[in-house]
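Some structures to go through are shown next.
After this come two complexes, each holding chain A, first together with chain B and then together with chain C.
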Partner chain A sequence: MTNESLALVQVIITTLIISGTPLVLIGLGVMVAEQSGVINLGVEGMATVGALVAVIMVLHDSNPTLALLAAALAAAMVAGVFALVSVVWRGNQIVTGLAVSLLCLGFTSWLGQPYQSATLSLPRPSEIPFLAEIPLVGTIIFAQPPLVYWSLAMALMVGWSLNNHRLGWLIRACGQSPQSLYALGHSPQWIKTAAVVFGGAMAGLGGGFVSLYSSGIWHAIPLAGKGWIALALGGLAGIKPLRLVVFAYGFGAVVAGQLALQASGSGFGLSPHLLLALPYLAIILVLLLWSRRFKS
Partner chain B sequence: MFSLRQINNWARIGSPVLALSLAMVLTALLLQLLGYDPLKVMRILFWQPWSMVGGFAAILNRAAPLTMIAMGLSFGLRAGIWNLGAEGQLIIGACAATAVALTVPLSQPILALLVMAAAGAMGGAIWGLIAAGLYLRFKSNLIVISLMLVFVAQAVLNGLVFGPWRDPSGYNYPQSAVFAPQFWLPNIDGFPLFHSAILIAVAILVGGGIVAKYSRWNLGLKLAGESSQVAAYGGFSSSHQILSTLLVGGAAAGMAGMTMVAGSLGQLSGSVMQNYGFTAILVAFLGRLSAVGIALAGLLVALLTVGGESLRIEQGMSDSFVMGMAGLILLTLVAVDGLLNRRGQHDQ
Partner chain C sequence: MRKRLVKLIITVFALAGIVSGSAEAIDRVAFVYVTPLTAVGWSHQHDLGRLEMEKNLQGRVSTSFVDNVAEGADAERVIRQLAQAGNRIIVTTSFGYMNPTAKIAEEFPQVSFLHVSGYRSNGTNFANYNGRYYEARYLNGVIAGGMSKTNLIGYIAGFPIPEVVMGINAFMLGARSVNPKAEIRVVWLNSWYDPVLEKQAGLALIAQGADILANQSSSTATVQTAEANGIYAFSYSSDMSAYAPRAQLSGTIQNWGDYYTAAVKQILDGKGMPKNIWGGMRENMVSLAPLNPAIPPALAKRVNELKAGIIAGKLQPFAGEIRDQRGKIRIAAGKVASDDDLNRMDYFVEGVTTEFPK
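Up next, the complex of A and B:
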C-alpha cells in the first residue's frame, strides 16, 4: 500500500469510529427509553445540552472525563423535565419531545455564543498497550478516546440486561403492558422515568463526545441532526444493542465513504452537497428493508 | 394520542394564557440569573415590534408562511399521523417554485405566479407523498422517514444552490439568481409593506377552518385521533387518511415555500427556510390545531421572531434565544394541559 492510500484508510477508519460512537451512545439511551414505552424526540436537544456543558467544563478545567460526566448529568436533568411532563403529567410524548428539543437547541445556541470557535486543547488519548502496536491499524483503532471503548462495553451491558436481567424485563414489560406491571405492584411511571433519565444521560455523553472529539470546537448546531439519526437507529435496533452498533458504524462508514468520494474528486459527477444526503437515504433504506423482513 | 376531549372550554383558552405567562416568568428568571435585565428584554421582545415602523407588517409577513404550514399540518396531527417532515416539504416546494421562475419563460405576471404556486404546492405534496408511500408500503416508522427526508431535502437544496443554480454574479454566495419581476409576489395594493402572502395565508386558514368544521374527511381524522378502531368501524381507511393528510400538509408547506422565495427575497438561498417547517409544528400545537388558534399562535411566534431580531441588534443576543423561548412556551402548555387533564389511571 502506498503511503497516500494508507493515510486515506486511516482517515476512513477514524471517521467511522468518531461518527459512529455518539450514535451508539445516544442510540442506547433511545433504545432503553423506547423499550419502556417512551419515544424521546427530545434527544437531539438533550445531546446538544451535553455538547455545550462538555465544552464549558473543558474550557474551565480541561479534564475530559469530568466534562463528560457533567454533560451526562445536565442532559439527564433535562430528561427529568421531559419525564415529568410526558410521563408523570401525561403530556403528549411527541409534542413534549419536540418542545424540549426546540427549547434546548434554542437556549444552548444562545448560551453558547461566548464559546463560539473557542478551540479545545485535549490531551491525546493514551494508547492501549500492545494492541496499539499492531501494524497499520493499531494506532488508529486502539488509540481512541476511552469513551469509544466504554460505548461498546455499555452496548454489551444494555444488551445483556434487556435480554437476561430482571431490570431489562421490567423495562420491556413496562413498554408492552404497563397495566399488568401495575397489577404486579410495580410503578410503570417510575420505570419509565428512570429509563428516560438514563436515555438523557446517554444523550449527554453522546453530545459531549461530539463536541470534544469530533468537532473539537463549539459551534451553534453541534449535533447537526445526529440525535434524530440516533433516534431512528435506536428504534430500529429493537432490543439488540449490537445491531445498533452495526447500524451506527455502518452510518459512520457511509459518512466516511462520502468524504472519501469527495476527497478523491470523483463522486460520480454529483455535487458534494448532494452526497451529504447519502447517509440519510441509507437509513431510510435500512428502515424499509428491516420492516419488510419483520412484518411481512 | 393528542386528544383534547377532557379539556373544557375554559381550559382550552385559559391554559395557553397560563402557559404563556408561566413561560415568560421562567424566561425572566433565566435572564435575571444570567445578568440581563428581564424587563428590558421582554419589552423589546413583546412591545417594540408594535411600535417600530413596519413592525406590524413584519409580524404579519412572517406569520403568513408559518400559519399556512401549520394549518396544512393540523389535519394529519389531529389523526395522530406524525408528519414531522414539513421542513423538507417546504424546501422542495421552494425548489420547485424556483425551477419554474428560472426556467419557464412566462411573461404574464398572474399566469407566472399561478404556475409557480402550483409547482411549489406540487413539489411539497410529492415530498409528503413519498414519505406516506414509503410508510404505507413498508409499514415502517413515519416519524423517522419524514424526518430523514428533511435532511435529504436540505442536501438537494444545497446541491442546487451550490451547484447548477448558483448565481454567477452572486459573489459565490449559495443562492440562485434573482427572479425576473413577473415571478415576484407583489405587496398588497395600498399597503406597501404588507406582502400578498398574507392574503394566501388568510385564504388557507379560512378554507382549512371550513374543511375542519364541515367535512366528513376531518370527522374521520378526528375519530382516528381518538381511536383507530372506531375510525375503521366508521368506514374511514387509515391508508387513505395517511396519503391525504400528507398530500395536504405537503402542499401547504410547498405553497409556503413558494411564497418565501417569491416574496421579499425574490431568489432561492441556502438559508431561506429558517426552520419554519419545524416552528410550524409548534404553531399548530400552540394553536390547538384550530384555524383561529393557529392564526393567534402564528402571530405570537412571528412577534417573537421580529422581537428577536431587535434583541440581536440592540442587545447582541442571538436569535436562537427566541426559538428556545418558543419551545419553552410549548413545553409549559403541554405541562399545564397534562396537569389539568390528569386522569386517575396508572397505565399508559
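Up next, the complex of A and C:
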C-alpha cells in the first residue's frame, strides 16, 4: 500500500469512528426511552446543550472527562423538564419534544456566542497498550478518545439489560403494556421519566463528543441534524444495540467514504448533492432490506 | 383576547414608528444577517461595515441589525417588520433574501433597499452590490503555488455555484502562474456551514498529500485543521490569523464599510439610489489578508506587485488564453472574460483535477 492510500484508509477509519460514535451514544438513549414508550424528539436539542456545556467546561480548563460528565448532567436536566411535561403532565410528546429541541438550539446559539470558533486544546487520547502496536491500523483504532470504547461497552450493557435483565424487561413492559406494570405495583411514570433522563444524559455525552472530538470548536447548531439521525437509528434498532452500532458506523463509513472519494480526486464528476445524499440513501436501503427480511 | 393582543402589539409598533418618525433628523438603517453574528465570517464582515458606516455618518444615522434570519418566509417577515418600523434604509445580506427584498421594495416605495450578491434591482429603491472576491483568490493562488511542496492544494467548498467556481478557478490560475505543476482538488460539503464535515474533509485532503487548504464554507474549521496538522491555509471573508497564526498564509477579505458609507450617504442626500456595483480590490470591497512572514520575500514582493496591478486594473485574473480541464479553450488569447462569462462560469480550468459536477 502506498503511503497516500494508507493515510487515506486511516482517515476513513478515524472519520467513521468520529462520525459514528455520537450516533451510538445518542441512539442508545433514544432506544431506551423509546422502549419505555417515549419518543424523544428533544434529543437534537439536548445533545446541543451537551455540546455547549462541554466546550464551556474545557475552555475553563476542565479535563475532558469532567466536561463530558457536566454535559451529560446538563442534558439530563433538560430531559427532566421534557419528562415532566410529556410524562408527568401528559403533554403531547411530539410537540413537547420539538419545542425542547427548538428552544435548546436557540438558547445555545445565543449563549454560545462568546465561545464561537474558540480552538479547544485537548490532550491527545492515550493509546491502549499492545493493541495500539498492531501495524497499520492499531494507532488509529486503539488511540481514540475513551468515550469511543465506553460507548461500545454501553451498547453491550444496554443490550444485555433490555434482553436479559429485570430492569430492561420493566422498561419494555412500560412501553408495551403500562397497565400490567400498575398491576405489579410499579409506576410507569417513574420508569418512563428515568428512561428519558437516561436518554438525555446519553444525548449530552453524544453532543459533548461532537464538540470536543468531531469539530474541536464550538459553533452554533453543532449537531447539524445528527440527533435526528440517531433518533431514526435508535428506533430502527429496536432492542438490539449492536444493530445500532452497525447502522451508526455504517453511516459514518459512507460519510467518510464519500469525502475520501472526493479528496482522492476520483469523484467521477458526481454532483456533490448526490454524494452527500449517499449516507441517507444508505439508510433507506438498509430499511428496505430490513423490512423485506421481516416479511419473508 | 388574542385579537386584542395583536391589535395592542400593532398599535405599539405603529406608535414607535410615529415617535421615531417625529424625532427625525436621525435616519435609521437596519441590517439583516443570515447567520448568528459570530466573531469572524460573512455576516461579521457586514457588521463591521455597518459599524464603520455608522461612525462615518455620526449624527445622521442610527443602525440596528437582526441576525440568524433564515432565507425564505422568515426573511420576508423580518424585512417587512423593519420597513413598517420606520427604517429609512434596509440592507439584506444573503443571496436568498433577494426575492423577499424585491417584493417588499415594491410595497414600501419610501424605504430604500440594498441587497448583496443578487442580480435583481428596480432602479428606484432597490439596488444590489457584490464583491469580486476572485481577485484576491488569484493572489492567494499565487502564494499557494509558490509555497506548496507537494503541489497539491485542497479546496473545501459549499456548493458549485458560479461565485465559488470563479474563486476556485482564479486560485488555480494564480497558482499555475508560478507553479505549472500545481493541482487543486475540491471537496464539496453541500452546506455553507458544517464545521465537523469541513474538518473531516480537510483531514481527507491532507491524507492525500495536500499541504495547503483553501475554503469557501464560512467557518474557521479549515484554517484550524491546517494549524493542527502543520500545513498552510487561506482564510475567507475575515482575517482568521487569530485562529491559525502559523498556518494562515493570507486570505480573501470582504470590506463593506466604504460602500455602506457612500451608498447610505447618497440616499440620505437625496441623490437617488446607488448604481448596482460589482466592486473589487480597487474599490476596497475585497482585500488581501496580511501576508504570513513565512512567505519568502521574493514571493511576497511578487504578490504585492500583482496586487498593485489588479488595483490599477492592469492585471485581469481571467485573461486568455484559458483552457478548461478537458483542454478546451474557454477564453481566447487576448480576450478577457466578461462579467456575464464570469457569472455563468460552469467549468474548471486546467489544473483542477476534480471533475466539474454535472
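Criterion: the second predicted complex is superposed on the first by the 290 of 296 C-alpha atoms of A that agree within 3 Å, B and C clash if a C-alpha of one lies under 4 Å from a C-alpha of the other, contacts with A are read in each partner's own complex, and residues count from 1 in each chain.
FYI, a residue touches a chain if its C-beta (ideal position, glycine included) is under 8 Å from a C-beta of that chain, and two chains touch if they have at least 3 such contacts.
All figures in this text were calculated on a predicted structure; none of them were measured in a lab.
Steric overlap between chain B and chain C is present once the structures are superposed on chain A. Residue contacts after overlaying the shared chain place A:Val255 against chain C, while chain B stays out of touching range.
Number of chain A residues touched is higher for B, counting chain B against chain C. Contact with both chain B and chain C is seen for A:Ser109 once the two complexes are overlaid on the shared chain. Once the two complexes are overlaid on the shared chain, A:Thr21 sits clear of chain B and of chain C alike. In the superposed model, A:His273 lies in contact with both chain B and chain C. By the document's definition of touching, of the two partners only chain C reaches A:Ala7; chain B does not. By the touch criterion defined above, A:Ala220 reaches both chain B and chain C. Judged by the touch definition given at the top, the superposed model places A:Thr48 against neither chain B nor chain C. Contacts of A:Trp228 after superposition: chain B is touched, whereas chain C is not reached.
When the two complexes are overlaid on their common chain A, residue A:Gln35 makes contact with neither chain B nor chain C. Superposing on chain A, the segment of chain C with clashing C-alpha atoms against chain B, chosen from 23-31, 77-85 or 275-283, turns out to be 77-85. Of the residues of chain A, those at positions 109-110, 113, 220, 270-271, 273, 275-276 touch chain B in one of the two structures and chain C in the other. By the touch rule above, chain C contacts chain A in their complex via residues 35-40, 68, 154, 159-160, 185-191, 193-197, 199-201, 203-210, 219-221, 224, 227-228, 243, 353-358. Within the complex formed with chain B, the residues of chain A that make contact are 39, 41, 45, 81, 84-86, 89-92, 94-96, 98-111, 113, 178-179, 182, 187-189, 220, 225, 228-229, 231-232, 235, 270-271, 273-277, 280-281, 283-284, 287-288, 290-292, 295.
Contact residues of chain A toward chain C in the complex are 4, 7-8, 10-12, 14-15, 18-19, 109-110, 113, 116-117, 119, 210, 214-217, 219-222, 224, 255-256, 259-260, 262-265, 267-273, 275-276. Remark: chain B residues 1-2, 30, 34, 82, 84, 134, 137-141, 143-145, 147-149, 151-152, 154-156, 158-159, 162-163, 278-279, 281-282, 285, 317-318, 320-328, 330-331, 334-335, 337-339, 341-343, 346-348 touch chain A in the complex.
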